[in-house]
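Next, two complexes with chain A in common: one pairs it with chain B, the other with chain C.
Here is the complex of A and B:
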C-alpha cells in the first residue's frame, strides 16, 4: 500500500490520501487526466480495470469517485476522488479514452449530476429524456412536478449529441454532432420488442442485413433507486436490490447487507453465511437456466426454453418454501437472514443436485449440439479479452473472453473460501463461449451446493443489530459475483440513519456498453443472438 | 376401393336431366367452390389445433384445454375473435396494395388446394401439366407477401418481405427440381395419372435412391417455401415482430394465418402425391391379400393420413430447430441443396434410361 502511495505522489505531487476500506486518492481536476494516464499505463501500477464511476454531490462541490482495479496485480481497489466547486458548469476531464467503460458510466454521472466530461465524444443524457429539467441526484434538485410534467409528445432532436473538446490552449469548445448520418437506414428495436428482454431500446443503422452501428437508448424502466435510497433508512433500502436484477436478487441483497455489515463491523453467524451462499448459488442456477432458455428461444428453438424453465421451477419452489416468494425474495437482512430455512430445504436441494446432471445432458442434446445453433452462436459477437477488460464486462460474458474475473475467487467472501469450485473460462470470445460458460457454471454451482448442503452449521441465523442502524461517517465499497457479473455497492454515510449516497454498480450496465462493438459487421439476426448471449437484465441497467 | 366418381356422376346426371348443360356446369362450379372454401376453413382450423397440441406435447405442456373437451372448441373461439376484430388502416400505407396482398396469398393457396388428389374420383383440377400449374400458382403467394411487406410502410415488414422474396425464390428451384425428378421417373405431369402410376408401388419405393434423395430435398425446400421453422425468417418473431404481416389486423391477418397453415397442408399433400402415392393405398407387388386389406381403407383417409403425417414431421422441425440466419439459409440453398438436386435429377435420368428401378 505504502509503495503505491509513494509512486502516486511521485507522479502527481498535488494529491492527498485518505484511508478507508480502500486507499482513496484526492486529486485536483487539472491533474486528473495525467494521473489517470499514468495509473493505466504505468507498468507497476497497471490499473487496467475501471470498476466503478460514482457521481457525487458534496454540497460545496460536485465530483466523481473512480474505483480502479489492477487485474494483473492483485485485484485490490483504489479509489480516486475528483471534485470541482463550480456548481453552474462543472467540468471534469473524461477518462473514456483510457477505459472505454467510462463512455457510458460518465454519461450516467452527467445525467444525474450535470457534470460535463471534457473530450467525451457523446455527452448525451443516458436515462432521462433530453428535455429533462435539472439533475435529479443533486442535493438541491427541485422535484416540482411542474418542471418535469409527464410529457405526451416524442423526444425531439433524438439524433443530436454534443461533446466538449479542449484545444491546445486549454479552451473548451462545445461541438454539436449527430448519432446517425442522414444516409443511415435506422431500424428501431424496442422498447417494446420480444427479444430485448424488457423495455430496452436499440437503434441500429443497417446496410441491408448488416449492422453498421448500434445506439443504446435506456431509461424506460428507470425508477431512481439511488435517489430513493437517500431518503430511507438502511433496512428500508434493502428491498430495492431484489428489484434491480431480479435474476440475481439474493446476490445483490447479499452485497448490500455485506457493505452495511462491513461499515458496522458486524459479525454474521456462520449458519447465515452458509445459507446466504447456498441461496446465491441457487439463484445463479435459476438465472443461468433462464439464460439458456432465452438464448434458445431468441434463436427460435422454443422447445428448449421450456426445458430450462422446468428445472428453474424447482429452484423457485425451494425459494418459495423458505422465503415465501418466488421473485423479490427479500431474504437477506442486515446481520443475517430473515427466516430460517424450511424443513424441506435440504431434501429439495439434494433432489435438484441429483437431477441436474442428466438434465444438463438433455439441454446439450436438444440445443447445444444442434448444427444450426452452433452456426448461429459461433464466431458471432466477438469480444476480445482486451475489450472485455476495457469495457469492464465481467461475469460469464467476460469469462467467455477468457478473462478470469470471478469475484468469488478474487475477493473471496461468505462461504466461498470453504468450498472447492472451478472458475469456468472459455477461449472463444464469441456468443457460443458465453453460452457455454453459463452452462458449465450451472455444473459448478451444483458442485458448490453439493459441498454445502450437509454442512449447514447449527446456530442463530441473525446477529444482534441495533434497533436504529446508523453508519459511522465514511465510505464503503463492496463487491459480489452476481449472476451476470460483478455487482458493487457504494455507500457514503454522514453518520445519519439514512445514507448520504448509495450507488449500485450493476454488471448489466457494462454489458449493454459492448452491444455496439459486438454487433458491428454482424447481421440483424445476430443482434438478437448477441443480446441473448450477453444476457442483460434491463431493470439492472436502469435501476 | 370405393370410387367417389359415382357420386359426382350421379349429381351431374341429376342436374343435366332437369336443366340445360351450361346451367348444370355453373351450378356444379358454385357447389365445388363452396365445398373447397369449406374444406379450406375446416382444415385450417384443424391444423391450428393440431400444431398447438403437437407443440404442447413436445414442450411438456397440455396446450389449449379450457374451451370445450380437450380444448377442441378453442379454434372456433379464435376464429370468431379474428372475424369480429377491427381492420385497422394505417397512415402512409399504400391502401390498394395493402388490402390486395392478403387476397393474393389466400387465392394462391385455395387454388393449390383444388389441385390435390383427394381420393379416387375426387380430383377437382386435372390438367396434363398439373405439376407445373401447382408450381406456377404457388409463386403468386410470394407476390402477396412482397406486396404486404412493401405496402405496410414499416421497416420490419420490408425486411421480412425482402427475406421472404429471397427465400421463396431460392427454394422454389430446389422444390421444382425435386418434383421434376419424379416427373422424369413417372413420365407424366397429370395429377391423376401420377396417382395411378403408383398403383404397383409408391414412387418413393419404385424410384429408390434418387427418389428418396428427391423426397428429402423436397421436405427441406417445402419447409422453406411455407416459411416455417427453421426457415421462418420472414416472420422471425424474435427479430422482426411478425415480419411481413406485422401491420395487419382482423381477418386480413387471419388470411395470412390461414394461408400459412393451409400451405403446410398443401406441401404435405403434394409430397404425398409425388412420393407416397397420393390417395393410393400401400401396395406391395405380390402380396395380394395385404393389398386387398389396404384397399379396404377409403382413399380419402389414405390421402389425409399421409398429408397429416408429413405435416407432423414439418411441425416437428419447427419446434425442435433454432432459426437459421439469412446468409446461412441462402448459402445452404445455393451451395448445397440446388447442386444436389441437379445432380439427383441427372442420377434419376440415368436410372430411368438404364431401367434401374422397379
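Here is the complex of A and C:
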C-alpha cells in the first residue's frame, strides 16, 4: 500500500490520501486526467479496470469517486475522489478515453448531479427525459411536481447531443452534435419489445441488414432507488435490492447486507453465512435457467423455454418454503437471515442436485447442439478480452471472453473459501461462449450446493444488531458475484440512521454498454441474440 | 342471475358484491331479447379468448412468464396467446413500475389497442407505485393515466393471483353490454372529464 502511495505522490504531488475501507486518493480536478492516464498506463500501477463511478454531492462541493482495480496485479480497490466547488457549472475531465466503461457511467453522473464531463463525446441524459428540470440526486433538488409533471407527449430532439471540448488553450467549448447523421437509416427497437428482456430501447443505424451503430436509450424503468434510499433507514433500504435485478435478488441483498455489516464491524453467524451462500447459488441456477430459456425462446425454440422453466420451478419451490415468496424473497437481513431454513430445505436441495445433471443433458440435446442455434450464436457478437476489461463487462459475459473476473475467487466472501469450484472460462468471445459459460456455471453451482448441503452448521441465524442501526461516518464499497456479474454497493454515511449516499454498481449497466461494439457489423436480426446472450436485466440497469 | 365462468365457481370468488351490483343494474335497465342474446354470445366469445398484450417492465413480467410455462399453463383458460403487438391484443397487462419516461409509450400502446379493450394493473407498482411511490419519477399507479379494470396486488403477485385477476376480468366481460353499453371502457378524455381532480394531480 505504501509503495502505491509513494508512486502516486511521485506522479502527482498535489494529491492527499485518506485511509478507510480502501485507500482513497484526493486529487484536484486540473490534475485528474494526467493522474488517470498514469494510473492506467504505468506498468507498475496498471489500473486497467474502472469498477465503479459514483457521483456525489457533498453540499459544499460536487464530485465523483472512481473505484479502480488492477486485474493483472491483484484485485485490490483504489478510490479516487475528484471534487469541484462550482455548483452552477461543475466540470470534470472525462476519463472515457481511458476506460470506455466511463462513457455510460459518466452520463449517469451527469444525469443525477449535472456534472459535465469535459471531452466526453456524448453528454446526454441517461435515465431521465431530456426535458427534465434539475438534477434529482443533488441534495438541493427541488422535487416540486409542478416542475416535472407527468408529460404525456414524446420527447423531442432525441437525436441531439452535446459535448464539452477543451481546446489547446484550456478553453472549454460547447459543441452540439447529432447521434445519427442525416443519411443514417435508423431502426427502432422498444421500449416495448418482447426480445429486449424488458423495457430497453435500442436505435440501430443500418446499412442494408448490417448494423452500423446502436444507440442505447435507457431509463424506461428508472425508479430513482438511490434517491429513495437516502430518505430511509438501513433496514428499510434492503428490499430495493430484490427489485433491481430480480434474478439476482439474493446476491444483491447479500451484498448490501455485507456492506452494512462491514461498516458496523458485525460478525455474521456461520450458519447464516452458509445459508446465504446456498441461496446465492440457488438464485444463480434459477437465473441461468431463465437465461437459457429466454435465449432459446428469442431464437424461436419454445420447447427449450419450457424445459428451463420446469427446473426453475423446483428452485422457486425451495425459495418459497424457506422465504415465503417465489420472487422478491426479502431473505437476507443485516446480521444474518430473517428466518431459519424450512425442514424440507436439505431434502429439496438434494433432490435438485440429483436431477440436474440429467436435465442438463436434456437441455444440450434439445437446444445446444441444434444447427440453427449454433449458426445464430457462433461467431456472433464478438467481444474481445481487451474490450471486456475496458468496458468492465464482468460475470458470465466477461468470462465468455476468457477473462477471469469471478468475484467469488478474486475477493472471496461468505462461504466460498470453504468450497471448491472452478471458474468457468470460455475462449470463444462470442454469443455461444457466453451461453456455454452460463450452462457450465449451473453445473458449478450444483457442485457448490453439493459441498454445502450437508455442512450447514448449527447455531443462531442472526447476529445481535442494535434496534436503530447507525453507521459510523465513512464510506464503504462491497462487491459480490451476482448472476450477471460483479455487483457493487457503495455506502457513504455521515453517522445518521439513514445513509448519506447509496450507489448500486450494477453489472447489467456495463453489459448494455457493449451492445454497440458487439452489434457493429452483425445482422439486424442478431441484435436480439446478442442481447439475449449478454442477458441483461433492465431494472438492474435503470435502478 | 349470477355470472358464470367456466373455470371457477361463483361462490369461490371473494368479492361478489360488485358483480352482483352490475348484474342488478343490467337487469334493471332491461334490453331487447335479440340484442341481449347477441350480447351474451359476444361476451361468451370475448371472455374465453382473452389475448394479453405483454407489457412487462419489471419483476411481474417474470411471473407472467411462469404463467406461460408448463406448470401454471394459462392456456387452460384461454389467455395463452400473449401478443406483442397491441393491434392483436384484447387487454393490456401492465406488469411493473411505470415511470415518467414510459408514460407516452404506454398511452400510445393503449391507444393502439382495438376496442373493446381492458387494462389490468399487476403488482404493487402498477396499482399504486408500490415501494417506489415516493420517487421523483414514478407514476403512482397506472390508474392516473389509464382506466383500470382489474387490480392484481402483490409484489410480484403469485401465478394464482394472476389467474384470479384474469378471471375477474372474464366475469366483468360477461356482464358488459356490447351494444350501447353502460360499463364499457372510457376514453382518457372522458375519464378526465368525469374526474377533473385527477388531471390536476398530474399537473
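Quick note on the criterion: the second predicted complex is superposed on the first by the 543 of 543 C-alpha atoms of A that agree within 3 Å, B and C clash if a C-alpha of one lies under 4 Å from a C-alpha of the other, contacts with A are read in each partner's own complex, and residues count from 1 in each chain.
Throughout what follows, a residue touches a chain if its C-beta (ideal position, glycine included) is under 8 Å from a C-beta of that chain, and two chains touch if they have at least 3 such contacts.
Since the structure is predicted, the reported quantities are computational estimates derived from the model, not experimental observations.
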*Taking the superposition as given, does A:474 touch the first partner, chain B, the second, chain C, both, or neither?*
neither
*Considering only touches as defined above, state whether A:298 meets chain B (first), chain C (second), both or neither.*
first
_More chain A residues in contact - chain B or chain C_ = C
*asked:* Contact-wise, after the overlay, does A:235 reach chain B, chain C, both or neither (first, second, both, neither)?
replied: neither
*Should A:145 be classified as contacting the first partner (chain B), the second (chain C), both, or neither?*
second
_If we overlay the two complexes on their shared chain A, which of chain B and chain C does A:366 touch? Say first, second, both or neither._
first
*Regarding the shared-chain residue A:193, is it in contact with chain B (first), chain C (second), both, or neither?*
both
*asked:* Going by the contact rule set out at the top, does A:227 touch chain B (first), chain C (second), both, or neither?
replied: second
*Which of chain B and chain C A:209 touches, first, second, both or neither*: first
*Is A:327 touching the first partner chain B, the second partner chain C, both, or neither of them?*
second
*asked:* Need the overlap of the two footprints on chain A, from chain B and from chain C, as residue ranges.
replied: 193-194, 306, 310
*Along chain A, where are the residues that touch chain B in the complex?*
185, 187-188, 193-195, 209, 296-303, 306-307, 310, 366-367, 370, 372-373, 375-376, 523-528
*Please give the residue numbers of chain C that touch chain A in the complex, ascending.*
54-59, 61-63, 65-66, 69-71, 84, 96-97, 99-105, 107, 109, 131-132, 134-139, 144-145, 155-156, 158, 202-203
*Across the complex, what residues on chain A touch chain C?*
127-129, 136, 141, 143, 145-146, 148-155, 191-194, 198-199, 219-225, 227-228, 231, 239-240, 243, 246-247, 290, 305-306, 309-310, 312-313, 316, 326-328, 538-539
*Where on chain B does chain A make contact in their complex?*
55, 58-61, 155-156, 159, 229-230, 232-233, 236-241, 319-328
